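These are the structures in question, set out in turn.
What follows is a pair of complexes built around chain A, which joins chain B in one and chain C in the other.
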Partner chain A sequence: MKRGGFVESTLIGFTRALSRALMSEEIARRRGLLQSLDPRVRVVGLFALVLAVTLSRRLTVVLALFVVAVTIAVFSRVGIGTLAKRVWLVVLAFTGVIALPAIFITPGTSIATFAGGSLRITAQGLATATLLIARVETAVTFTTLLMLCTPWSHVLKALRSFHVPQEAIAMLAMTHRYVFLLVENASQMFESRQSRTVGRLPGPERRRMTARTAGVLLSKSIDLSSDVYMAMQSRGFRGDIRILSDFDMRVWDYVGLFAFLCAGSIAVWTGR
Partner chain B sequence: MLGCSHFFVPAVSQSGQEGRSLLALLFELQDVGFEYERLPALRGLSLEVAEGESIALLGANGSGKSTLLRILDALYFPSHGSISFCGQHLSPELLTQNGFALSFRRRVALVFQNPDVQLFNPTVFDEVAFGPLQLEWPREQVLSRVSATLELMQIAHLRDRPPYRLSGGEKKRVALASVIVLDPDVLLLDEPTSTLDPRSQSQIVDLIQEWKGSSKTVITATHQLEIVEDIAERIVVLEEGKVSASGRPAEVLSNHELLLRANLVHAHRHSHGTFEHSHPHLHSHSKHEHEH
Partner chain C sequence: MHIPDGYLSPSTCATLYVAAIAGWYAALKRLKRLLLSRVVPLISVFAAFAFVIMMFNLPLPGGTTGHAVGVTIAAIVLGPSGAILAISIALAIQALFFGDGGITTLGANCFNMAIVGSLVAYATYRLIAAGASIASKRRVTAAAVAGYLAVNAAALVAGAELGIQPLLFRDAAGTPLYSPYPFGVALPVMMIGHLTFAGLAEAVISAGLVAYLQVADRNLLQGSSGVPVGTEVPLATPVQANSQRRLWMAVALLMLLTPFGILAAGTAWSEWSPSEFARPGSPAQIGTGANVLRGTIPSGMQRLANLWTAPFPGYAPSFVKSAGFGYLLSAMFGVGFLLALSLLAQGYLERRRATRYSR
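This part shows the complex of A and B:
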């Protein structure tokens, strides 16, 4: 269906995000390296590697960590194509925009000149931009691997075991759960409106319609939150959520944790 | 601990003979009123519910069925009139007392009309375990009860699935499992079969029948006349927030004037050759037989 306008595009974006979220659950159920580890090990281990990437000042070390990320992805049965489309190209585009000026404005040895010498690329600028892009690509790859290989529910349980306040976790869980329901609602409302609209409405009318839809969606979400709260109360919720923590660390998990921490420490040490 | 006083109520045996049974009075509502921002939903409703009764609340949209169920589950409190459970006056203050709240929430459970409201946990297992955990059951008991309930409801294969990825029928079954796990004495069901395909409807009706057969109290709000005889021994008809009739299904369903007035049936116009006439339409469109 052809759709135009900011709100419609946003909705399409959310719908795509929903289908990606569903695909992530499928990857999380595969048998692979990361999937075989306790979720707490995945959270701590990948966080340690992200920290190592951030602290490393040497490009070779960051590139080595990038190779580690790709290796983990392969053994966790995450498609390289998926990573390239969802992470590497997007990060390259966004970080590239930020890093591009550094190539020209960083003082240092000139390696190329343009526009009669008024614009020059410096070796130091190129190194800075490359390091920035490599860092962001590697860090985002590790984070994406965590999200792709771990069901959202397990990430939340892992956070709970690190004593993140239960209320914060409940908010994250419900936001994740209900944002998709509201997006579905909004999408249906727009489709229903489109099915009753002939031609293109004038700008002011479109804005009024969008404002009205947003208002309806807001009251729907308020009603929904009130109903959800009552459904929780009905089953005994009295202000303090209790959950089961059924994770169990095995020898393999300790080996994984040790490997992650070693890799992170070596990277930090050599990348000083 | 909640205890209920006993009293005699008219009862009908399986042979059809009327008699009197000694039953505990669970709920007693007197002249209950409730408004949504000045818009009245219940207006002077009075009702008594005895232990072990299976009741169908019949009424058109907006007649107050869902509001009544929420009042019975102590989620709403009457703006006037009173409600008591096992002789105790239900009030917001009483529900803040841990002992009473734990006992009441264990004994009375509500299945919401929209399962999306009720399914807020990341997985089906977590969803079913939510109630027992909030009621502070021991871990081992939670694990065994949840597994048994998933098997009973034939949804064990869905245990690690996120509820929002389920079909409508599966969502309803998970919503039912999430309250049945508590083994409540009173089960309140809000339109349990609406929006379901015929097979899922039939499965839910079977479950309700099984549940009421185990001497539990079941109160079902519905406007689907074709299922009420299967799920209830008493029908309470609501009109504009009040009880307009109460009786056995055969009595109420044969009162066409009442059903028409309560918007539960519509005049069915059709023709036989050149002869055109109308009569009340009582049944579902899939089951269409009548005499002329």
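This part shows the complex of A and C:
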């Protein structure tokens, strides 16, 4: 992290979040395997595969599920480069750093020694580190495929059809909508402050500036919630939330659901 | 602190989902007592705010940066129930839409950050800020300590969840199946990062936000302050004007009622004049035992009685014949005199303050 560049880092984070959201919308509109299935099948099927990854105790089974994930990605027209950059390298960097010491400190059968025998790699250490990385990579790939190939509104509709409380769905939908507005607001405030700043601010002033920006954002958020409340009141909202559920299961969707559940069950059975 | 998929076993995930669902249910039930149509947008927009706050790069002492969770300010402004829901929604959006934190571990992450974090933050803030006024500096300190403790408590629970994995879930060869580090490694590693950077980031943003709200929007601090609504009026308001009007009306009424004092028989207890002691059977004789001394006036009283002669002896100037009117006149004179004295003192103090600030 570049010292003193906290405003730039925050702005980059905001831009990245917005570009990811835009990319998801674009990929979700493509014609592909996952996109052709009912959103409920996508949610259930990919969640079943994530669960299968978590339940599998064998590395070979987890790797087989990883191949399944890559195949689904290819047929859903999700770029391998996108997945590699957005998921695989990030997870490898994060989980790799966490898993690396386990190779050396996990007790077990020694398979290699270094530094005059003071440092040794154990078979169990290597196995647990590889299993952890493979499992996290595969699970995150499935989750990312769901997010990239399904518009957020469809995910929420699917959750509603699984009897997730209406209040929770309404809050998820509303939060998602206002996240982008607040990100834009915060981004503008930081840019505005940055354009008026000459030189490098001292540490305490930087902290005060960030807290003030957050404070203004908080006041704006509360005002916004009042506006939303009044808008809801003006439309006659009385606490009863209705969500249109116009999904229609076709034969192809049943075939997809069957395939997902079969793959998940086989993985759990063979990986136990 | 966002635990991704694959670090926790399915049984741990399931247990923590159950715990999180219990927390969500209790929080939602509590909030449903309020107006649901007001709660939904408030929690949603606050969740969006918490989401954005999590993306802020906070400059920390030492030149590094860190990310806050936003759970402390949520607990202070919304209370623990609102904070549990708002932070859970923000975490769900992160997991489901941005892939930060897992789907199977969403229950665990919500339990750690939203439930444990909110409860610790709220309890700490209320404890340290107990009895402090809304504008008190103690509230800023309380928010900082609450933020620091909340994030570290959440990290401690997350560390324990990760640390329990290799103890419970191994294959036949002894290979850990999920997070490979036991308590002895997982807890210190988790805590070092949070005791230094993450806890500090939450403390900085929470204290900064409370200090900002004390100046900009005190109403948002009222809910969790423990100070009853209406006891702290930050600026001159119609309420203040009304209370002053009521005070003047009460003073006027008391002045009008002063002549009622002459209806009482005898002299008020212990307000006797020397002549009272000479009158047989008077309360002065009975009360002090002077009757035993057969009408003797205490020598000290005799000596000091004429030291000061009041301008209005017996609450009536000598030229006023009506005792009732005399009482009223005395009351008006007394109140007027005290008011003049008070205005003079106020004028003097304001002049002194103005001189001090102009230097």
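Keep this in mind: the second predicted complex is superposed on the first by the 263 of 272 C-alpha atoms of A that agree within 3 Å, B and C clash if a C-alpha of one lies under 4 Å from a C-alpha of the other, contacts with A are read in each partner's own complex, and residues count from 1 in each chain.
Assume contacts are C-beta pairs under 8 Å (C-beta built on N, C-alpha and C of every residue); 3 or more make two chains touch, one makes a residue touch a chain.
Because the structure is a prediction, the values reported are computed rather than measured.
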- [ ] Give one word, clash or fit, describing how chain B and chain C relate on chain A after superposing.
- [x] fit
TODO: Look at A:R272 in the shared chain and tell me whether it touches chain B only, chain C only, both, or neither; answer first, second, both or neither.
DONE: neither
Open item on the list: Applying the document's definition of touch, where does A:V136 land relative to chain B and chain C: first, second, both, or neither?
Closed with: second
Open item on the list: Quick one: is A:R200 in contact with chain B, with chain C, with both, or with neither? Answer first, second, both or neither.
Closed with: neither
Task: Apex chain A: angle to the C-alpha centres of chain B and chain C, given in degrees as a multiple of 10 - done: 60
Open item on the list: If we overlay the two complexes on their shared chain A, which of chain B and chain C does A:R235 touch? Say first, second, both or neither.
Closed with: first
Task: Partner chain in contact with A:P151 - chain B first, chain C second, else both or neither - done: first
Open item on the list: Contact-wise, after the overlay, does A:T95 reach chain B, chain C, both or neither (first, second, both, neither)?
Closed with: second
- [ ] Kindly classify A:R250 by the partners it touches after superposition: chain B alone (first), chain C alone (second), both, or neither?
- [x] neither
Open item on the list: As a test of reading the superposition: which chain, chain B or chain C, is in touch with more residues of chain A?
Closed with: C
TODO: Considering only touches as defined above, state whether A:L224 meets chain B (first), chain C (second), both or neither.
DONE: both
TODO: Have a look at where A:F47 lands relative to chain B and chain C in the superposition and call it first, second, both or neither.
DONE: second
Open item on the list: Please give the least Cα distance, whole angstrom, that chain B and chain C reach in the superposed model.
Closed with: 7
TODO: Touching chain B in one complex and chain C in the other: list those residues of chain A.
DONE: 152, 174, 176-178, 181, 224, 228, 232-233, 237-238, 241
Open item on the list: Which stretch or stretches of chain C touch chain A in the complex?
Closed with: 4-7, 9-10, 13, 24, 28, 35-38, 40-49, 51-53, 55-61, 63-65, 73, 77, 85, 89-90, 92-93, 95-99, 102-104, 171, 173-181, 185, 204-205, 207-209, 211-213, 216-217, 220
Open item on the list: If we count contacts the way the header does, which residues on chain A are in touch with chain B in the complex?
Closed with: 22, 25, 151-153, 156, 173-174, 176-178, 180-181, 224, 227-228, 230-238, 241-244
Task: Residue ranges of chain B in contact with chain A within the complex - done: 70, 73, 75, 98, 101-102, 105-106, 109-110, 112, 114, 116-118, 120-123, 126, 129-131, 133-136, 139, 142-143, 160, 162, 164-165, 178-179, 182
Open item on the list: Using the touch definition from the top, list the residues of chain A that touch chain C in their complex.
Closed with: 1, 3-4, 6-7, 9-10, 13-14, 17, 20-21, 24, 47, 50-51, 53-55, 57, 87, 91, 94-95, 99, 101-102, 105-108, 123-125, 127-129, 131-132, 135-136, 138-140, 143-144, 147, 152, 155, 165, 167-168, 170-172, 174-179, 181-183, 186, 203, 206-208, 210-219, 221-222, 224-226, 228-229, 232-233, 237-239, 241
